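In the two complexes below, subunit A is the common chain; its partner is subunit B in one and subunit C in the other.
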Partner chain A sequence: MKKDQNLARLLVMLAVVFALMAALRPGQFVTMANFGSMMRQFPEYGIMAIGISLTMITGGIDLGVVGTANLSAILAAKLLIGAVPRGAPPEQALPFVALAALLALACGLACGAFAGLLISRFKIPAILATLGTQQLYTGIAIGITNGRPQSGLPLLYSNLGNTEFLGLFPLSFLIFLLAALAIGLMLSRARFGTCMYMLGTNPKAAQYAGLGNASILVRTYMLSGLLSSVAGLIMMARANSAKAEYGTPYTLQCVLIAVLGGIDPNGGFGKIAGVTLAVFILQFLSSGLNMFNSISNFYRDVIWGGVLILALVVNSLLARREARLAVRRGARATRA
Partner chain B sequence: MKRTLVVMLSLILVLVVAVPFFGQTYDPMKFKSSKPQSAWKIALVPKDATNAWFVRMEQGVKRYAKDTGINVFQKGPPKTDAAMQAQVIEDMIAQGVDAICVVPVDPAALEPVLGQALSKGIVVIDHEGSSQQNCLYDIEAFSNQGLGAALMQVLAKSMGEKGTYTTMVGNVTNASHNEWADAAVAYQKAKYPSMTLLAAEPRVEIMDNLDTAYQRAKELFKKYPALKGVLGTSSLSTPGTARAIEELGLKGKAFVTSVGMPNENAPFIKRGTVDAVMLWDSAEAGYAMLAAAVAVLKGDKVANGIDLKAKGWNSMQFAPGSTKVLLGQSWINITKANVDSFGF
Partner chain C sequence: MASTVLKVEGIEKSFGGVRALKGVSLEIRAGEIHCLAGENGSGKSTLIKVISGAHEPDAGWIEIGGRRLTRLSPIEAISHGVQVIYQDFSIFPNLTVMENLALNMELMDKRAFMNYRRARAIAARAVSQIGFDIDLDERVENFSVADRQLIAICRALLQDSKLIIMDEPTSALTKKEVKALFSVIKDLQSRGISILFVSHKLDEVFEISERYTILRSGENVAMGSTDELDRSAFAFHMTGREFSEESYRPAGPRGDPILSVKGLSRRGCYSGISFDLAPGEILGITGLLGSGRTELVETLFGLTRPDSGAVEVRGNRARIRSVKEAIRHGLGYVPSDRLTEGLFLPQTIERNTVIAVLDRLAGGLGLLRRKAVAETTARWIRDLSIATKDPSLPVRTLSGGNQQKVVLARWLANDLSVLILNGPTMGVDIGSKYDIHALMRKLAAEGLAIIIVSDDLPEVLACASRIIVMREGAFVRELDPASTTESVLSELSTGVA
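Right, the complex of A and B next:
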């Protein structure tokens, strides 16, 4: 009940932002070109936001997503650049593209597993552990590339990555939808999803119930790492290169999306549907604001931050009101 | 199941072949706009919206809008980040702009999105991105040789065209700093025979740090009493070295110049310790980029000597062997006369 209300609130917000932009910039905002552009933009950070959301549901956080994404992409890029000669025909490049993608995904899993181990075995608070892994992964990425962009990927890779289905839906958008759907179903239907919520609600209780907290945590962070590496592969296709510092500001943005989407930073609550709506809201705002030439760039951050804080305050106020109502309902029930 | 997979894969392959290839060359003459000038819309995308350098650039953009009446504006990413810059350009393409002027954070990362812009007939002009493939022209404020020679002219004038000098770079790994310094030394050898490069330490590194510049300069002047001049490349060379000169009582006997910011150097210039530092103005660069975009939209031929109507950008020359990279002479000597007129 409570969570559905959250979704309804997000839908209203999405509609308000959409209506506002559509009313103020009708010829620009409600166009195929704009929607195509937005669909190409949000998957890379949207997928990382889903990853962070998962870790937040278990009461943790993963600040290492961008580092994981870049390190995975750099490994894949190194393999592709090394193995495929320049100008090689697509048939020759295809197996290496697949291999590079697998390598990136494996790297994502390993990065996540390491963070999960730090948190579950060494009991380091997630925020510190992943601050460390972010630094570490970015550091490794800088080290093996000397900080330079890895470019010269086979044409096939970026062509594949920028494929548009039916001339409209970019591959990255479909991957985002697939990831959101799969993770959403896992959380609501699978046993593992329930375990994550329980661990996030009360780790002690989960432990005494014999859920195996350590294993759940490691697997959660592995999932987050896996999603990050997918985001890394998408960024690599969009930039036609990989670099240790692409998308660094995304970390904070993803945390904000998760919170805006109704993921409880204290763990135990939140749905991927909410996160997906939050991603849309932020992309509408971002692309919409770029249409106002008169809004100085200085105010962009103000508007951005203002909307987020407003959403957080509204969420908190409504949650408090609901709690009060629940108490009153409880009192009435006892009287009766 | 297997069949769907095969169908899917072949579908992907067909689409792949249909996607236009990146890295093709475009003929700038084909980008002439058929729309009236009043309907043009040109976006300038800087590295970062709030960085002082690009805030200054926006003043050039506003001046261009006022001078020509063309709808030009500046929109940048909130942070200096290649991925976010690509997204802003993505938005500009979707808005249907006629030209995009860009100062790339990382040219390689923008190739796909700029390729997309070009394939849609949008004019793309780069600045400080000479390695960019997917642009019609890249305009640079100056050639490395030109700046090096200009720096040497300033130092030689201060030193009375004689005596020992050395060069000071931000980092020895910084390619452009080293090229400026090399060009300055070459210019000295050709033009000022009575000047000599300090053989023991011909290239001093200050790690792009003001305090290191000060310490190193102090050390150098003590160690080599014959040393009379420092030619710096990093903007921190002059304030650091000038402080050392003043503290050692060498004012009027030892000299320094480098690329530098007006406010940072104002006290030394006003006291006469430093004669001039050099700078190029981002507002002029912004103005020139827009002028280049408009030239292409008008269908004007871009050739050697083209005037981009901004100070120092009046006679652009193609870089040797290039038909894309255009070089200007856009540096300003910042002296006592104009040091307070910049506001930064």
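Right, the complex of A and C next:
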């Protein structure tokens, strides 16, 4: 019941934002060009938002996603730039592109595992542990690049990354859909997903039920790291380079998406379907606002911050109402 | 005829479509100890909240301090001398005992700064009222549940009260502490304070109260003088069911021990613990809080590790280093604090029931088989007669007794050989208590080995096939329940003859 109401609310919001933008900027917003551009923009932060959502469901948070994404991308870029000579034919570049992608994914897993260990073994609050890892990973990334963008990637990489299917859907968009479906299925149907929800609800009871809290946490942060590295590879393809400071504002934006999408910041509740809708809502808002010359980009942070706080307040009020209704339903079910 | 402190009549209160109180009356006389009894969900708590001003009644009136009111605000209730000690005590765990005790007084005097000398005097006076020996500078979170409750009681005693309402005050106290509490209550009575004692425990009602009111499903079912009430009538009024108090003869052990504990020790908790447990046995372990009883069984379940000693399961050495390994050896544990350790309160009844057997309900790719999950849940709801129509509701919507059955179902759904229950019926209504006892006996008869850890001595005597008393981390003596009594057990646990 709760989930359906939340999804219904998000669908209404999506429709309202869409209708508003379409009405105010019909010639710009409702165009193939705009949709094509939006589909190229949101996958990178949408995938990181899914990662953050996972960690929030277990009662934590991962503020290190952007650092992980950039570090992974930089390692991949260094490998590609070092191994593939300029102007090499695609056949020669292909194995190195695959190897670089694997290296990036492995880096994401390792970054996540480290954060997971800090949180589960050393009992450091997730928000502090990942604030630390974010700084650490960004710092390493800056250190090994001297802060310079890593460009000169083989042509094959950006060609692959910007492939369009059916002349419309970019590869990154399909990767986002795949990630959302797989993670959504895992949360709603898999044993591991249930364990994550239960751990996020009550870690002590999870311990007494023998769920193995430490291993669940480490695996959750590894998953978040893996998704971040995928986002890093997408960013690298779009920018045709890797840099330690790409996508810095994404951290707050991803937290905003998770909360707007109905992930309970106290852990234990939330669905990927909601997060996906929230990604769309935010992209519509963001693209739409770009079309208003009178709204300066400098106000963007004000808008995102305001929306985040509004979403938190509304969710808190709704949760209170839900709890009251649930008690009543329970009383009725017991009496019946 | 004594004067009346508080009288309510015809109180009605509905929440949504549910009528919690359907015209309830209650009269408390000056200086009396009045017991308000009823099962969970009978409307006791709602009635208390009406009296303390937390809920506004839909109909009926309240007579207090000579005035007849249709509603009462919390401030008015306090100014009329009504104090409530709730089950959650409402104290601050991160503050010291002294701060907790003195804070209200300081706030009421509208002081901006704490004066520690004055605060200490207030706190010392508060604890001395019930002869409570406690370190005033220790943080409250470092004390047991029982001590925290006594702190909450001390704090209420500081206010100038005419009527003190205690909501299930004994649910977490040991025998000795209950005795201490009762003497405090008698002392308060001698000072002219009335007590409304909310309980569903029959022995307490008989021991402490002069008059009683029993609620069932939001209605008065009986009231009068406690002298004229007998046990079977009490149980009948509470539940509307007749219980046969047959005495239980355990079948006793069958075959070789399934669990052997040999010289198990953990520093500061327990030492030199040895015992065998065979299928079909119900071993009762009793002792005061802090006797090491909980620490011992938590080690058996892999939550902590022993410093020395060994555990054998089916004659083989078992190194149980985690709860997962304990479960693999066929152990199940119902913890003492159902709300924080046992249940995932806002999650569904279904998830709470199947959480320990997810492995068996998962198919390829670790995906859960929905049908198997639903069938397992339905089976245990039926087998343990858990009162719910809809397993997709949060488990917190269930009553205490039904919640406890969910925790039990979680372990029974596993292939279990040893079930450990810590306080199996703590905070559970009579009807569910009866059901849980019957279930334990049935399981033992089917060959399960059971350990119950409890300081509810009648319960241990009624259910166990043998009893071990613990004191200060050691086994004091093993007894046969057929040839021992509550007072013997009580003396052995306290060490006071």
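Convention: the second predicted complex is superposed on the first by the 308 of 336 C-alpha atoms of A that agree within 3 Å, B and C clash if a C-alpha of one lies under 4 Å from a C-alpha of the other, contacts with A are read in each partner's own complex, and residues count from 1 in each chain.
One rule holds for everything that comes next: contacts are C-beta pairs under 8 Å (C-beta built on N, C-alpha and C of every residue); 3 or more make two chains touch, one makes a residue touch a chain.
Computed from a prediction, not measured in an experiment: that's the story for all the values here.
**Student:** After superposition on the shared chain, which partner residues are touched by A:37: those of subunit B (first), subunit C (second), both, or neither?
**Tutor:** Only subunit B is touched by A:37; subunit C is not.
**Student:** As a test of reading the superposition: which chain, subunit B or subunit C, is in touch with more residues of subunit A?
**Tutor:** Between subunit B and subunit C, the winner on subunit A residue contacts is B.
**Student:** If you stack the two complexes on chain A, which partner ends up touching A:189: first (subunit B), second (subunit C), both, or neither?
**Tutor:** second
**Student:** Would you sort A:162 into first (subunit B), second (subunit C), both or neither based on which partner it touches?
**Tutor:** Touch partner of A:162: subunit B, not subunit C.
**Student:** Does the superposition put A:286 against subunit B (first), subunit C (second), both, or neither?
**Tutor:** first
**Student:** Identify the partner contact of A:268: answer first if only subunit B is touched, second if only subunit C is, both if each is, neither if none is.
**Tutor:** Second partner only.
**Student:** Between subunit B and subunit C, whom does A:201 touch in the aligned arrangement: first, second, both, or neither?
**Tutor:** Second partner only.
**Student:** Quick one: which bits of subunit A touch subunit B in the complex? Just the residue numbers, please.
**Tutor:** Against subunit B, the touching part of subunit A is residues 28, 31, 33-34, 36-38, 40-41, 44, 90, 149, 151, 155-156, 158-160, 162-165, 235, 237-241, 243, 245-250, 286-287, 290-291, 293, 297-298, 300-301, 304.
**Student:** Contact residues on subunit B for subunit A in the complex?
**Tutor:** Residues of subunit B touching subunit A: 12-13, 15-16, 19, 21-23, 49-50, 71, 73-76, 78-79, 81-84, 86-88, 90-96, 106, 108-113.
**Student:** Taking the complex as given, what residues does subunit C use to touch subunit A?
**Tutor:** On the subunit C side, the touching residues are 15-18, 41, 302-303, 322-324, 326-327, 333, 335, 340-347, 351, 355-356, 358-359, 361-362, 365-368, 370, 387-390, 393-394, 396-399, 402, 410.
**Student:** Note which residues of subunit A are touching subunit C in the complex, please.
**Tutor:** That would be residues 185, 189-192, 194-195, 197-198, 201-202, 204-212, 268-269, 323, 325-336 of subunit A.
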